[in-house]
Structure formats: structure tokens, C-alpha cells
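Below, chain A partners chain B and then partners chain C, in two separate complexes.
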Partner chain A sequence: MTNTDTTATAAPKGRGRRHTRLADVDPSATLLDVRDLKVEFRTRYGIARAVNGVSFSVEAGETLAILGESGCGKSVTAQAIMGIVDSPPGFVTGGEVRYRGVDLLKLSRQERRKARADRLAMIFQDALSALNPVFSVGFQLGEVFRFHRGMSRADARKKAIELLDLVNIPAARQRVSDYPHQFSGGMRQRVMIAMALALDPDVLIADEPTTALDVTVQAQIMNLLAELQRDLNMGMILITHDMGVVADVADKISVMYAGKVVERADVHDIYADPAHPYTKALLESIPRVDLKGQQLNVIKGLPPALTDLPRGCNFAPRCRYARDRCREDTPHLYQVTTPGGDGSGRTPRGSACHYWEEVVAQ
Partner chain B sequence: MTHAVTSGGMSAGEVVLEVRDLVKYFPITRGVVFKRKIGEVKAVDGVNLQLRRGETLGVVGESGCGKSTFAKLLVSLEKPTSGGISVQGQDISRLRGRELTRARRNIQMVFQDPYTSLNPRMTVGDIIGEPFAIHPDVAPPQDRRRRVQELLDLVGLNPDHINRYPHQFSGGQRQRIGIARSLALKPEILICDEPVSALDVSIQAQVVNLLEGLQDELGLSYIFIAHDLSVVRHIADRVAVMYLGKVVEVGTDLDIYDHPTHPYTQALLSAVPVPDPALRGHRDQIVLEGDVPSPANPPSGCRFRTRCWKAQEICATDVPALEPRGGSDHPSACHFAEERDVVHAID
Partner chain C sequence: MGRYVIRRLLQFIPTVVGAFFLLHYMVSAGIQLRGNPARAFFGERTPSPEMLAAVKRLFNTDDPCLAQEGNPLHPFNPCLGLFVERMGNVAVGDFGTDYRGRLVTDIFLSAAPVTLRLALIAILTEIGIGVLAGVLAGLRSGGFIDYVVKISTVLAIAIPVFVLGRMVQLSIVPFARWLRDNGASDDVMGLVAVTYKLDYPWLSLVIPGIVLGVLGLATTARLTRTSLMENLRADYVRTATAKGMPQRRVIGVHTLRNSLIPVVTNLGYSFGVLLGGAVVTESIFNVPGIGGVVIRSVRFNEGPVVVSMVTILVIVYLVVNLIVDMLYAVLDPRIRYD
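Our next item is the complex of A and B:
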């Protein structure tokens, strides 16, 4: 990490804690590198380990999909990266979130806030509840510029119109004074995207951006996101449960289950030959629009409670490959080599299964 | 009491449910004391459909197309503005009071949200047994507990859990409770309104398989309403596509998915992502502009014309009838109907 100390912004007035600084960014380092991230929620029923040692990285212009079902910790991972975990009860208890070499978790509060504005941005699932109903869309968009850039009201309004144009909202000049309820679901999601892009972030985290939308609108929004990502060369983290959407847009995937990444691979490899029993079972359990399938494969049982994770592999109680070793010995992320994708992809393949070779072979 | 109607000749089996010119308009009013009607939301506007014994009819469309209103009309939770619904020859839309109660026994509903459709203060036994309280002649009181346990067993839940409350069950299990309740009166027709869309993918497959198994076992007929076209393809024998209160295309699953002729069906299908990255960029993609217009003020002529790339003058003036067109033998409501495969790879 290069250290250009002299140009640093005002050093954080700390309580004696050592802080890293945003000014220390190294442009040659990985855009976003999450290592062994741990988040827990201290609840009445015990400690829920929502994120339990998650690692992944994203480069500029790349799309990483984090795939998982509800409760697997994918949204909490995003919140931890952004620094918006509800605390208490949530606490980031370990790991690093390195943005161009700088660990965001060690930034002071002011610096973290700056990072959240300029460097990282997030789109939420439910645009209607993410927007404030009593302010016009233009006001909310302009607020970003007034607050972070010190612009005047008139200038901020002009910027808001530009942004609405950027996300293809028709008649942006007229619609800028409309309120969120006057927009349709798809248009609201466009406003959210505009707001996220306002300050030219390098990393865009999209948390289920199209789950609340109809398919035809979903296609519009996903196309828009892909286009903007290409034009602005952002790194994107797409959080979703929809394996179809992932197949359409992602470069690489991390599959999460009960707070852990269970499989990691390039998108083509994972669909061609999944190396973790959970991924494999998921792929076999979804109906496809282009096939009239037979009986869908069912993953028996339920995901484990995060307050009471089983010993060994979290997926073992539902797994058809499980044996005694799986109930004792927690698998780490094994490096996977398959005949189809033997490391030719950019991402090293990994699977957290003792018997991944057997899973691939079948 | 069964009254066989033959028409179309698409599949065997008698017609158990027939919907004729079904219309439901909701008034838009202004004023509190002196209510004036200032308009109408045309939620369902002239729907004709048939359901045969043992068949699954899928109804697909985007939000606001009227598919949930259609479901409510079928189970008489709403009264139609005009048109008729006949169940085995009896028009249930004209029935009232005791006769309506009796007719409803045959046509039951599974709701979308298993979290809000079960009363949190009632035990599972009370929830599933409640239909017996309304229709006491179906099961005598001393038999009810046993019947409820049989139903729990039928949908794959532990019969010993009869005294538990809904919050003690997961989403998938709650949906099973909802299904058990709908089966209590041994109906012949089940209306499933988005039964799996609130569930996770791995749980979704469990419920879809359960519904398929029950259909084979009990000879049920389903109307399966959903916005997820992949699930509908999996479960349905025939599919009706709705747009702004009208059916725009109807046919067998093969007709609709592999040989769609209506531009809306084609756009809808092309927007569905396929979980196979190898197909990326190799499918015919139609991205529609804009949103669905308001059903309070639908476009004249063909309702899809404002978003349609084929629209011409005739589309604004003439309402296209739902009839076989474009060299295809399944009905499609488009003046310029033409087959186009949008689901498979084009290379």
C-alpha cells in the first residue's frame, strides 16, 4: 500500500483508536476485497451468526453475484460493506473490507461516511420504502449534491434532472418535482439507481434490485444497470436469489448458505458443473421457461437457525452426499478443478464440501 | 349434477368450470357524504375460459392485469359486474345465501401469502377444521380432529402438530397448512393465487411437487395464477395470458411457450431470465418500453398497442377478437399475430 501522507485530509479526531484513512487508497490494489467478514446479531435467543467468515473480491467493470435464499446473510454482507448494519443488535466482529487497499472497517465515522458517498453506493430492493414520501424526487436527489458537494439548490436541481435523464426517465424536467408515489415501481427503481450513481461511485451494490418488479420491467432495469456499469466501469455486487438473473448478467458468483460462502466460481463453470451439493440441488429445483421439466428436485428440510448452527458442515442435515465426517469436520473452501473450467476463468474455483469431487463427477 | 359441455376439442375430460364474458368494474368515487362515481377501474373485462376435470389452467400476467380479481370472482369473494361463472353447469355468480355457501364447497382457494392468510391466534387444528364448522354436514364434530390429522398427513405435515400455532411453522409449512384448509371440504376445483411466489426457491419446489401430487391423487382441477412463467410452464396444461383485464392468448403450454403468436406473450416470455449463462446473448430479447397503462383509462382498440412495436391504425380502432390467427390453431387477440420463438436459443 503506498502511503502519501502529506496530502491527507484532516486527520480524524479519534478516541485514541488507530484509523486508516481514505486518502491512503492505492489505485493498483483490488477494487473491493472482503476478507473473512463476520457479522453477528446479539438477540434474545442468543447470538445469530449472520455472516460467518465471508471472503470475495470485485474488480472494476466486473459483476459479482451473491446468490442465496432468505436468511443466508447476503443482505447483511452488503450492509456490513456499506457500514449500515443496525447496531445494536448487529455487530461486525471480524474481517476486513478493503477498498483499494484501505480497510473501510477501520475508518473514522466521518471518513466512512465520505466513502459511502463517493466510493460505494447501494440500491435497495423496495424503492418505495427507501424513498422519503414527503419530499419530491428532485429534492431527494439534489440533497446528495447539496450535502456532499455544497451546491446551491438551483444547481442541485439541475444535477437531479441530468441524473433522471441518465436513467432514462422520460420528461425528466417535468418529473423532477413529482413525489415518489407518482412514479410506477420501475420508475422508482430508476430513481434509486440515479441516487446511487449521483456521486460517481466505483462500487455499486444492488440488493435484490428487481425482486419487487414485473418481468418486463425487470428486463428494463437489468439492461439499464448493465449499460451503466459498462459505461461508468463500476464494480457491481448483485445480491439476488434468482438464478436466472444471475445467469444473464454476472461474471462470477459466490453462493451463500447459512452465513458462509459455500461455492465460488465463474458464472459459466457453476451452471455447467456445480461443485457444491447445495448449488447443485438449487439448480435442479428451479423450473425453466424453456423446458417442460419432470419432477422438480426437492431440497428436503429447512436452512438451520443462525443461533444454533449444526456442528461440521451447515448443509449436512439436508445433503444427500453427507456422511459422518460432514457432521464433525467443518469443510474449508477447497480449490476445485473441473474438466470444463480448470482455472481458465479469472476466479479460482472453490467449494466448501469435503466430497466436491463426487458432486462434480455425478 | 355433472353437465358435460364439449367444445374446442383441445383435451378430453368434462368441463368443470366455465367463465363467460366475465366483467368486473370497480367504481372510482369522489366525496365522502355525497359519493359520486367519476370513473371505473376495468379490472376484468370480458374473460372467457374453460377448465376441464384434472386439468391445470395457468393464468399469467403482470401486476395489475386483473388476475387476482379474476381469482376472487371465481370463489365469489367479488360479485361480477356482468357475465357468468358456471361450476358443473350451475351459475354461481347469481347465487345467494345458503345456496352460495353450498356451491362454494366445490371451489376453494389457496392464497399467496402464507404469513397473512392464517389467523395467528388459531391453532392449526382450528384453522384447517374451520371449514367443517361452516359446513357441519361434511364431518360430524367427533370426526373433525381425525379429519384434520388426515389432512395434515396428506400435505406432508406431522399430524401431531395439530395444536401448534402458525408462527411455529416455516413459510413452506404454512403454505401446506393453507393447502390443507382448502382441501378440507373435498373440492373439485382449487384456485391457487400465486401460491409459491412468497417462498424461497428450494421450498417452492416442495410446494409445486405437493400440488402436483395432490392433483394426481384426488383428481383436482387447478386454476394456477402466477407471474412466474417458469413455474406456470412446469405445472400447467393450458395457459391463458392476461393483459389489462383481457385474455390476449390462450393455448396449451406448448402453444404458448414454444409457439406464441401475440406480441405481449412474446415480450413477456423473452423477458424471463433462463438459468443458463450459455444462452446469454443467444436469445431473442424484446424489451418493452414503459409501463402498463392504468386500467381506469385503458387504451382504445387493442390495449397493448401503446407498448407494441407492431401497432398500426387498426389497433387503435378495432378491438382484436380472441380467435385462432396467424396460421396457428390456438386463439390470439392480435391483428398481426405471428409465431415467434423467444424462449430458446436462436442460433
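Our next item is the complex of A and C:
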């Protein structure tokens, strides 16, 4: 796990080491454009294809939600974008991560490192374990300024206090020298957010930012994130398995299953007419007050092992629409037009299902 | 913190008294079983009873409970009266004398600096090389350095200090001779000396110090390695990387600080091992330190010296452990002693 610093890109050696440069960013290009990203983990049990050709894009001021159950590759996608996949065993084996036109995967180690925090920042799931227990929060916040901006300790500390103020931590001046364990769960997540926002990044990736928190605090944190995202005009990628959170803050959604995007849509379209059996089943499995006392709908079976993906559609073994074709022929992302969302949204709708029309019709 | 230190210092009292009693008990039993050392003072000659009694008094071994030859029911009488008397003496700072009449405190003061230097060299070896080897092994687990460290530390742990000391001593002699024949300077010769040289109070202790530190070095290296590997997988390491920190800082500051917590905890324990090892190492390399004194006084049955010296070692060990525990709180802010 020593190479966290750069995600090892399995570039063929013969092609030469030509690096892209951050200086070449094109302000008019899409903020973040991920194309056909592939990440695999080479384990002793075989190669696990955690991310298997994922594409999406985010513009400034926009929030994209990546939805999916545990192990579907959403966090790994985020780590690949940040360039912090544990390597070995993880390797980015293909695709592009274009930030304003510049492919981040082809940056030099040094440039890649500088892009972190400065251009792209990330918030992690469990703030207690994501913050270093033996350094004060002021130290951990200030460090960003000291190493990216060359500030003195005293100036960095002032900046840290400003940041804690920004994320509404009361008595920031006193609390700046406290340690992570002295904060409550919600406050710790605020510290994480402050750390991510330190250098005013363009892209913010939030990896299940509220999963470790209790429900009332979840709402506060989501509101804070949404507010800051709007104020700072960042592009945000929100990774979650909570459909309720998505509905509130996201503009568009990519649903992932077994390392692939299975459905892509604007947020209201997907709730109105899901066009992929997996999305549909996910929505049906949300507990509803009016169906109290009845059995919850669950998706039977388990996701396939990433070391041994089935032929054809990955979801076919659990799918009630599945036919022989699904077990032979891998569906690509079909263009979807529905009565509810016929492309009026900004995102072209897509569903990776041969029978999406049938799914929408029901 | 202050209250904690006071509580710990109070806990020293029963520990020291207990250790003191055990030492006293064993030394008394030694006299009861082997006979009064005052008798050995006369060798082949048979002293007059008055003479013998005078020497016994001089050696402070005239307590009747030390003579149990004719008493089959009490082969190990703890001599509580003598114990109380000894405790009282120690409490007022009187640690007694050896059989030549030298004050135990004087013996201690002349031997302590030597042992202190030896221990310092050993600890520096232990921490410096141990942590470095552990970090290098942990960073590339399964790599070449990792295997070298794993195998050599097993060897170091498996070989007892007295074997290692002798081996080093024997293998250094031809090397030292070769150096001398090739006109090495006196300093170099002091370094490769197989015994302690008064002229080189530091240099001639380097090799004994390293020998003494090897065991602790091996444990430190293994502990650092495991701890580092564990912490490298921690979420906060990923956070530090995601913040764009250089890898050097991610490992050297964020990971290492956390990895060293168990290593420091172990230092207190390994200091005890060090004190025990010093006794052996000093006798191998002829170092006139505390260990040498203890060995000699055990050999010559000098009860008061053994009891006092080892009690002082116990106190030193306790104090070092207290310091280590406080250091632990400095490293890990989650530890609070209140």
C-alpha cells in the first residue's frame, strides 16, 4: 500500500512517458469528465474488476449522485479519480479522468499530488477514522496550507480557524487545538468538510459523508454540504446508497451495479420512471409508511463476485425481467426516452438493459 | 497528570518493599544453606570463636537466624527481624558495606556511570536501528529488506546474549589484530577492544552496547514493522494522501507517529531486559559496571551488596517505566491520566 501517492496506471512502457500538464487546463472544457474508467484489484483469488468501464461527467455547480450498494465500485471510482487507490493491489487499467480537458491519469506523480486538495478534494465516510487521532484538527487543517501554499504555522492556524468558522463549528478559536476524539460525530464530519474545502477545490467528492452519523445530524451535514457547494460553485460527486439523500441534493444520478453504470438520468426522472430493473428494485425496497406491517421488498440474491463476473448482464441472475439474451449479450447503455423524462433534462438518459422499454412501461 | 504521578510513586513503595524482601529472603537462605561467609574468610585455618564472632559482626551476618544448620524444621527462615532492621537502614540511606568495608553507595556511584553509558549506547542502537529497520521492512512487506529483517530478527531473538557476546568477542580479535598490524590509530583500537578500556570510556563500550541492544533492537524492529503495516492501511493515511501531502510526510509524520505508540510502550519492558542483559554483557566484556558488581557479589556471597544493588535497579526500572508511560501520553493525546 506504499504507492498511494499515485495510482499506478498500467501504461505500456513502449509508449513512452508523456505526461499531461495541469497548466494546460481549458476553462471552457467540462469540469470533470470520466470516460470508460477501469480499475482492477489483483488479489491472490484472482483479478477483481471493481470498476468496469464507468463514464460520467460533472459541471461546475452541479451535483452528481453515484448510487449503488456496498461493493459495487462507487468508492473505488472516487479513489481512482483522486488517484488514491491502494496500489498494489489496485490498478487503474484504462479510461480517462479529464479535469477541464486534462487527463489526470497521465499527470506526473508530482502534478497529481498537487492537484489533490487544490483542484479535487474528497470527504470520507467515517470522520473518526479518517482524521489522524494523534494530531490536533488545527494541525491537520493547517498542514494543507503549509504544504500547498507554503504558509507559516501561525498563518496556517489562522486559516484553520477561518475554515472551522465556515463549517459552523462553535468557538473555533478554542477548538482548533482539540483532537478529533474530543469532537462529536457531526462536528468531526464538519472538520472533514473544512479540510476538503481548504484550498477552494473545483471538484468535491463526498464518499457517503453521512453514513456514520445519526439521522438528525445527517440532515445538518447534507444541508451544509449543499449550501457550500452552491456558494463555492463546485462540482460535487456524492456517493451514497441512501436514495432519500439523493432526492434532496442531487441534480443527476448514475446508478452503479457490479462495477458498471446501469442507469443514468436526471434526479426527478429516475424516481418517476426507473428504466433499469435494478433501479426499479432499489426504489421498491425503500420502506414505506403506507405499507407498514407488510414484508419489505428485497432484491433476492447477492451481487456477483467481482473476480468472476457472469457473461452477459451482471444483474441477470437477480433480475425478474431476465431472458436468455441477458445471459449471453452484455447490454450497452441504451438511450432512453420516456413520457416523463424525454430528454428535457440536461443529461441524456441511459439504461443498460435490453428490455428497458418493458421496465418503463410497467 | 500530577496526581497520577503521585499515585504511581506511592505504588512504588509496596513494589520496592516486596522486591527488597524477596532479595533479602534469597540472600538469607543462601547463607542458611551454604554457611556463613565469615567462615570462608579464614580459608583453611580454624578461627577462635571470638574471632569468628567479630568477623560475623563486621560482615553484619551475626544474626542468629542466619545459622539454621541444626534446625531441620526451618531450612528457610525468612529472618524477619533482620529484614526489618535492613529496611530501617535503607530508609535512612544506609545501604551497608561490602566485606572490604566499602560503602555500597560508593560502589554504586563508581559503577553507575559506566552502566549508564552502556545502556545509553544499547538504547540508541535499539531505537535508531530498530525503528529504521522496522520502517524499511514495513514499507515493502514481502520485499527483500523485509525478509532480511524478519530472518535476522528471529536470529537475534533466538541467540542468548552470552552466546552472542562471546561470538562477537571471538570474531573481533583477529580483526583487531589485523587492524593493529596495519597501523590503525589508537581510537580505532579502542573501538575494537574486547574489554573495557579506561582510556576510552565511550569507544570501548560501543561493541558491548550494540551486543546488549541487539535483543531489544529485534523486538523494536518487529513491532515497528507490524505496527507500520497496520497503520498504512488506516483511513487517516488515505486522508493525508488525499490532501496532497508528499509521501514522505504521509509516512514519516502521519503514519509513523501512530506506529510508534506500541513501540514506546515496549521500551519500558525492554529496559528491564536491558538491565538483565547488562549483567551478562558486562561480565563478558569485563565492564566495571553495576552488572559486574552484582555478579561478583553474588559469587562472593556478599549479601548486603546484592540486596542493595538489585533494589536500586528495581527503583531505576520503576522510574523508567513511569517516564515511558508519561511519554506514551505525549504521543497519544487520547491517553489521559486523571
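FYI, the second predicted complex is superposed on the first by the 338 of 362 C-alpha atoms of A that agree within 3 Å, B and C clash if a C-alpha of one lies under 4 Å from a C-alpha of the other, contacts with A are read in each partner's own complex, and residues count from 1 in each chain.
Here, a residue touches a chain if its C-beta (ideal position, glycine included) is under 8 Å from a C-beta of that chain, and two chains touch if they have at least 3 such contacts.
Quantities reported herein were computed from a predicted structural model and do not represent experimental measurements.
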Fit or clash - chain C, chain B, common chain A: fit
Which superposed partner A:96 touches (first chain B, second chain C, both, neither): neither
Which of chain B and chain C A:24 touches, first, second, both or neither: neither
Which superposed partner A:302 touches (first chain B, second chain C, both, neither): first
Larger contact residue set on chain A - chain B or chain C: B
Chain B versus chain C as contact partner of A:271, first or second or both or neither: first
First (chain B), second (chain C), both or neither touched by A:245: first
Which of chain B and chain C A:289 touches, first, second, both or neither: first
Partner chain in contact with A:133 - chain B first, chain C second, else both or neither: second
Touching partner for A:215 - first (chain B), second (chain C), both, neither: first
Chain B versus chain C - smallest C-alpha distance in the overlay, whole Å: 7
Complex contact set, residues of chain B against chain A: 62-63, 170, 172, 200-206, 208-209, 212, 227, 229-231, 233-235, 253-254, 257, 267-280, 285, 287-288, 291-292, 343-344
Complex contacts: residues of chain A adjacent to chain C: 1-2, 4-5, 79, 82, 84, 86, 113-118, 121-122, 124, 126, 129-136, 143-144, 147-148, 179, 181, 192, 195
Touching residues on chain A, where the partner in the complex is chain B: 69-70, 184-187, 214-220, 223, 241-248, 250, 267-268, 271-272, 281-283, 285-293, 295-299, 302
Complex contact set, residues of chain C against chain A: 139-140, 232-247, 249-250, 254, 257-258, 261, 331-334
